[in-house]
Amino acid sequence: MQGIIEKVTELLDNGTVDRVLAWKAGEFSYDRTPAVFDKESGLYGLVYDSFCVNNLSKYLIEESKKDGKVLVLMKPCDSYGLNMLIKEHRVDREKIYVLGVPCKCKVSVDKIKATGLTGILDIVEEGNDIKVTTVYGDTTLDRKDVLCDKCMVCKDKVVVVYDEKIESDETAGIEKLDRMAEVEALEAMTPDERFNFWRSQLSKCIRCNACRNVCPICSCTKCVFDNDNTGISSKANVDSFEENMFHIVRAYHVAGRCTDCGECSRVCPQNIPLHLLNRKFIKEMNELYGTYQAGTDAEAKDPLTAFTKEDAEPSVIYNR
Amino acid sequence: MLKFTSDQMSTLFSAISAMKTLYVPVEKGGEVTFGVWSETEKVRLDALKTVKSAKDLFFPQAETMMGFKMEGKNIEIQVPEEKMDEFVVFGVRACDAKSFEVLDNVFLAEPVDTYYALRRKSGIVICAACTRPEESCFCNVFGIDATAPAGDIVTWTVDGTLYWEAKTEKGEAFTAQLSEYLAEATAEEEAAVAAQNEAVKAIIAKLPYANLKVDGFTGDRMMEYFNSPKWAELYQACLGCGTCTFVCPTCQCYDIRDYDTGHGIQRYRCWDSCMYSEFTKMAGGQPRLTQLERFRQRFMHKLLYYPMNNNGLFSCVGCGRCVNKCPISMNIAKVIKALGDE
Amino acid sequence: MQVNESSKEFKPCIVAFCCNWCSYAGADLAGSNRLSYPADVKIIRVPCSCRVNPLFILRAFQRGADGVILCGCHPGDCHYTTGNYYARRRMTMLFSMLDYLGIEKERTRVEWVSAAEGAKFAATMNDFISTVQSLGENRKLRDLRCKE
Amino acid sequence: MHKIGVFVCWCGSNIAATVDVKAVAEAASKEPCVVYATDYQYMCSESGQNLIIDAIKEHNLTGVVICSCSPRMHETTFRKAAQKAGLNPYMVEIANIREQCSWIHKDMAEATAKAIVLARAAIAKVQLNKPLIAGESEVTKRCLVIGGGIAGIQTALDVAEAGFPVDIVEKKPTIGGKMAQLDKTFPTLDCAACILTPRMVEAGAHENITLHTYSEVEEVSGFVGNFTVKIRKKARKVKMDLCTGCGLCTEKCPMKKQPNEFNMGLDKRGAIYIPFAQAVPKVPVIDVEACLKFKTGKCGICSKVCTAGAIDYEQQDEIIEQKYGAIVLATGFDQIKPTKFGELGYSQYPDVVTSLEYERLMNAAGPTKGHLLRPSDGKPPKEIVFVQCVGSRGQSCRDKSYCSKVCCMYTAKHAILTKDHYPDTNIHVFYIDERTPGKNFDEFYRRAVEQYGVDYIKGQVGKVYEENGKLMVQGSDLLANEQITLAADMVVLAAAIEPDKTARSLGTMLTASMDTNDFFTEAHAKLRPVESPTAGVFLSGMCQGPKDIPETVSQAGAAAVKVIGLLTKDKLLGNPCVAHSDEMLCNGCSQCARVCPYGAITYVDKEFRVPGPKRVETRRVAVVNEAVCQGCGACTVTCPSTAMDLKGFSNRQIMSEVDAICK
């Protein structure tokens, strides 16, 4: 954290950058809001800790349209999203200074609350201990038990696009889970079980669009669901079909482009496991068209804009 | 004050649902929502807040207003019936109960929104006093007593016993129908309820937002707030999603849309969000073109425009849902603090 | 799969997207050769299989289709050289997702039918119809508002 | 509000016997926007067409639906009729109630019901049709041929003979290509130079042909009929117009230590050199990497000896820009250097050579003046082992998966020529399969075996190593089912051929698609074998796939015919059913361009008004070149925002058909 502040200060002071896109501490010890700092505002409130979970890459679409250069703190998993934005010409790379920051996995306040804790007044992190003070008493939790779900299946700890990076050897000390295990569990179900599972999940959708708006890949100038000329626009799920439709189409539109950053599931107010839709596509494409990780670089053709003559036939699905 | 004589809530629920449709907080797909009670539903009275508020039952996220049946070149207009069976919603918290007042001011004022009015008339609200408030709660800021909700009937749970008090005529009448399950509480029991209420209030006083100040939001300062430079900073990270709006018990904006069914048109209304770029889009475009304006609108409405039109009643009940759910952790409490600092 | 007795009367609604150059011509050839298949199939002509947006397929199910089939030139024979290669991946992914959501995967199909394969076209349609018939009505992926 | 007319054809009894045409017309007349519906015996007949024309005029129809046979039969007929009546031809839709209804169904009620649904779908679609006008573009009557080998030369000559100007761009200092390096050609054994050089001279002298040798294509823009190409003419340091080609400078050059590319590095050339005696143009070029003048500033002998004053050390690269209507790719091939096949000892032993090197060793103008002398000690080899399929038809990463096609035949040629000149030489050939389909090919191969006694061994070589001054070739004899080791004086590897390295960058510039091996793909494998999918780009020779000289020449001629066919047109009429991008919705993400087989999509930065303090922002948006787009629609599905749509088959049009069918 101190190293980051020093580096950011240096780059602001020597004029390399004009603004800094980072996280700002909030009212509680766990709420972190993406924010832009500059020389005038100073770095007051800038924080980088276990609760800085938001993927900042999408903000660069607007930030890089502004005059001057913006420094962005870039976590490893978010850097994939930035690469996709570069690949799809959605950001102006020249106006961005990427400072890679290390990540030892983020802590989920929802998981802390899920242990039954409420009325949280303070959370202090000491090594592997998460010390929580609440109006109802104090508790210490093991950090490993309250990590964000997406961090439990972390792709890796490498910032894939950066101008400079700050390194750290610290790790969460966890054994990574199999990223596809949840998808496989669903695949193992009968179609009716799967149908019921997804109905129970997707019927919760309130069409708040948080998943879409937070997604660094869903960056359309105008979404098909907002565009009345597409014939499929809608603002609410009036029929259960629309719940399916919205999420199928969203997953399909980001298929081959989704970096699996997990923000969609994190922001869902109804905790719908939306990442399982995206991951299904990732798994299927990896298996049928070769392993591919969107955002690893800013050039590679994604699986849906490429083909080989020997590709599997669609019957691979309906004959399964 | 009455008390429920059994310790089995299902006894009460099955009694109510034998008479009317009963909505209680139930867990569906891992989240708690107001759903129709049945023996098989997982009831979650312990949940402090449902994701969507009880507003959904009176002002549903989507409802059909009318239809046009088309056959060849003929069009036939179909108007829905203005009839509804009575229903009961159990477990409404003080904040949500207060939100009905906010909504009533909008929908029951002339011209009356008949769809809403019908549901309000048909619904019996049974509140549940809070026992375990959390850090995002700040209903007290708006003068709401979490232990004394404003419903047709109010209930308190102390040591596993449910205490019951009818607050309106509708509540009295419904209580009478359940008399066989209810008995008069003793003075000691009433004292225990009062003691728990005091304890809960003491907890609320310790919560981080307990001391938010809203007195400064008065109509005479409207332009000052409108022009505040703070908005630019506050809105910065806003994603423009509708989470805050859709979990909010007092948000009441809707859009009216037509759906072509292939056999005609279904005209329905659905919640809309002032945070959306397409909000109130007209032939000439949107009135608020930037996210800053849209963001400002939401809070100006809750803290100034609405109170100015409704005798100072704020259009926020401090339920804290937006505090919990905003993807970027921006919320009305932060706005109040930031603007109040001036 | 067991064929339900009542399904014999069930008249499914089937949409077939056919590319202009091969499969639509194949369907015409089936007609010229008087090779019959049930009237439940209605063909929509598209320039190429790669023109078929998954949105169209979802739309068909929404509106009450019981089965959707996409026919295009054989891989390697696309009039536009590469269109069906893209279509192949796109449809594989769409079908995979529908299956993942628990929707009967047999309701969707892709077949490559050349302009010379009138018989194959008719046989394909007959086979697909009987598959859909045995599945019965599409209930999982339709919009009830569109039901008359 | 549309006014739609519906015309139901009986097609005699073809439709009317199974479909109740009156009922179809009656049902159609009740559909929204339909103001006129009728039926008629033969809509395609003159009186049927007149019926349509009159109805359009009388009822002011804005859209027409014909329920008839397949649109593949009479769509054009009905469009023309509509046009006669003053209606845009693209405001016509056909409901196919013959091939796809009356002919396949027997039950009248069922067929009629289906015909009504098909009519409804067409009525729904036509309401969303927009008048379309086919765009026109001019054709620049000039052709560019990239590559000056036999393929390029042949195409250029054929096009030039038809009266169109042609430019040949060749990266080497002379035209001639690989064929110029060959000794004799199979199966006739006529001398390559004897048949090639006259064509080179002809190309050099043709009034319609301009040669740009020692030049490369730098940039291509535009589209069919209207390409603009920038060509870099590299500095030869010799003035073309002054040089007489006397060659004195090349003789006097003191830096004669440079590997001679033309002879596969088997001998040396000077820093100023003419690749070979019959080069066209016969003008030397200075290799600045090797030249003493450029390295040290001293020397300048060539300049001193040149009486014509043609040497110009100051000469710089020149970029010329030219417009073309058609571009022919004739970039040819290279033979791989089999260095990855360590077991065959190519990098290790000088007497292990490639077949192209062997070709030079046999050639009278080669490093050994046509005497077969092995590179290591200049002695004539007595035992020669030929190894076929080196790097061809393999599965591993060092192999090409394809058959290089010419190796079987040229190996037989090498064997015959060697035996002809040196009958006492023993020749062994390791082969996987002998592939000799072609006129007189198998006879030729059999001559090698039967007449010349060449020892053909079915099997592969596992190892080549040196022992007692001999190259020991260890291989398997599959027919005898044994491992054998032969002692050889020379080993000749029939190394795989691959497309020229410059092909890939050209492919990118031209958006001409390539296969995984970097061969250019043809627009249709059977029906359009000499055209690239990118309109206006044609393929000639090896750049499309392995082939021998006669095949190359025929393809070159075919490409020329296609070019001539294009250049004789004054204007190109486009297909109006093309993609179109709505710039207000476009994200500029480039996904659409990635799937476009024609390179029809480009991007421009455009300023848009936006709310907020900046008022304008620059966004990258897609632009479809309507002259290039063929209307497949691949881009429309890739576009997540539906900014990209296809005219005539728009998203809304197709969805309206879906809706009508699923009603």
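In this document, chain identifiers A, B, C and D correspond to the written order of the chains, with residue numbering beginning at 1 in each.
The rule is simple: a residue touches a chain if its C-beta (ideal position, glycine included) is under 8 Å from a C-beta of that chain, and two chains touch if they have at least 3 such contacts.
Keep in mind it's a predicted model, so treat the numbers as computed, not measured.
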Task: State which chain is most central when centres are taken as means of Cα atoms.
output: A
Message: Using the stated contact rule, I'd like to know whether A-C or A-D comes out ahead in C-beta pair count.
response: A-C
- line: Rounded to the nearest Å, the gap between Cα centres of subunit C and subunit D is 35
Separation of mean Cα positions, subunit D and subunit A [Å, integer]: 44
Task: Mind checking the centre-to-centre distance between subunit B and subunit C? Centres are C-alpha means, answer in whole Å.
output: 47
Message: Could you pull out the residues of subunit D that touch at least 2 other chains?
response: 595, 638, 651, 655, 659, 662-663
Junction residues of subunit C, two or more chains touched: 54-55, 59, 63-64, 76, 82, 86, 90, 143, 145-146
- request: Mind pulling the residue numbers of subunit B that touch at least two other chains?
  value: 259, 262-263, 266
Task: Answer with line, ring, star, complete or other to describe the graph linking chains that touch.
output: complete
Statement: subunit B partner, complex, touching residues on subunit D are 30-32, 611-612, 659, 662-663
- request: In the complex, go through subunit D and note every residue touching subunit C.
  value: 70-72, 96, 98-101, 103-107, 110-111, 113-114, 117-118, 121, 513, 521, 523-525, 533, 577, 595, 597, 630-634, 636-638, 646, 649, 651, 654-655, 657-659, 661-663
Message: Applying the document's contact rule, which stretches of subunit A touch subunit B when the two form their complex?
response: 26-28, 31-36, 54, 59, 118-121, 134-136, 200-201, 203-204, 206-210, 212-214, 226, 234-238, 263, 266-267, 269-272
Message: Using the touch definition from the top, list the residues of subunit A that touch subunit D in their complex.
response: 65-66, 87-90, 219-224, 227, 229-231, 253-254, 301, 304-306, 308
Field: subunit A - residues contacting subunit C, complex
entry: 186-187, 189, 191-198, 224, 232, 238-242, 244-245, 248-249, 251-252, 255, 277, 280-281, 284-285, 288-289, 303-305, 307-309, 311-318, 320
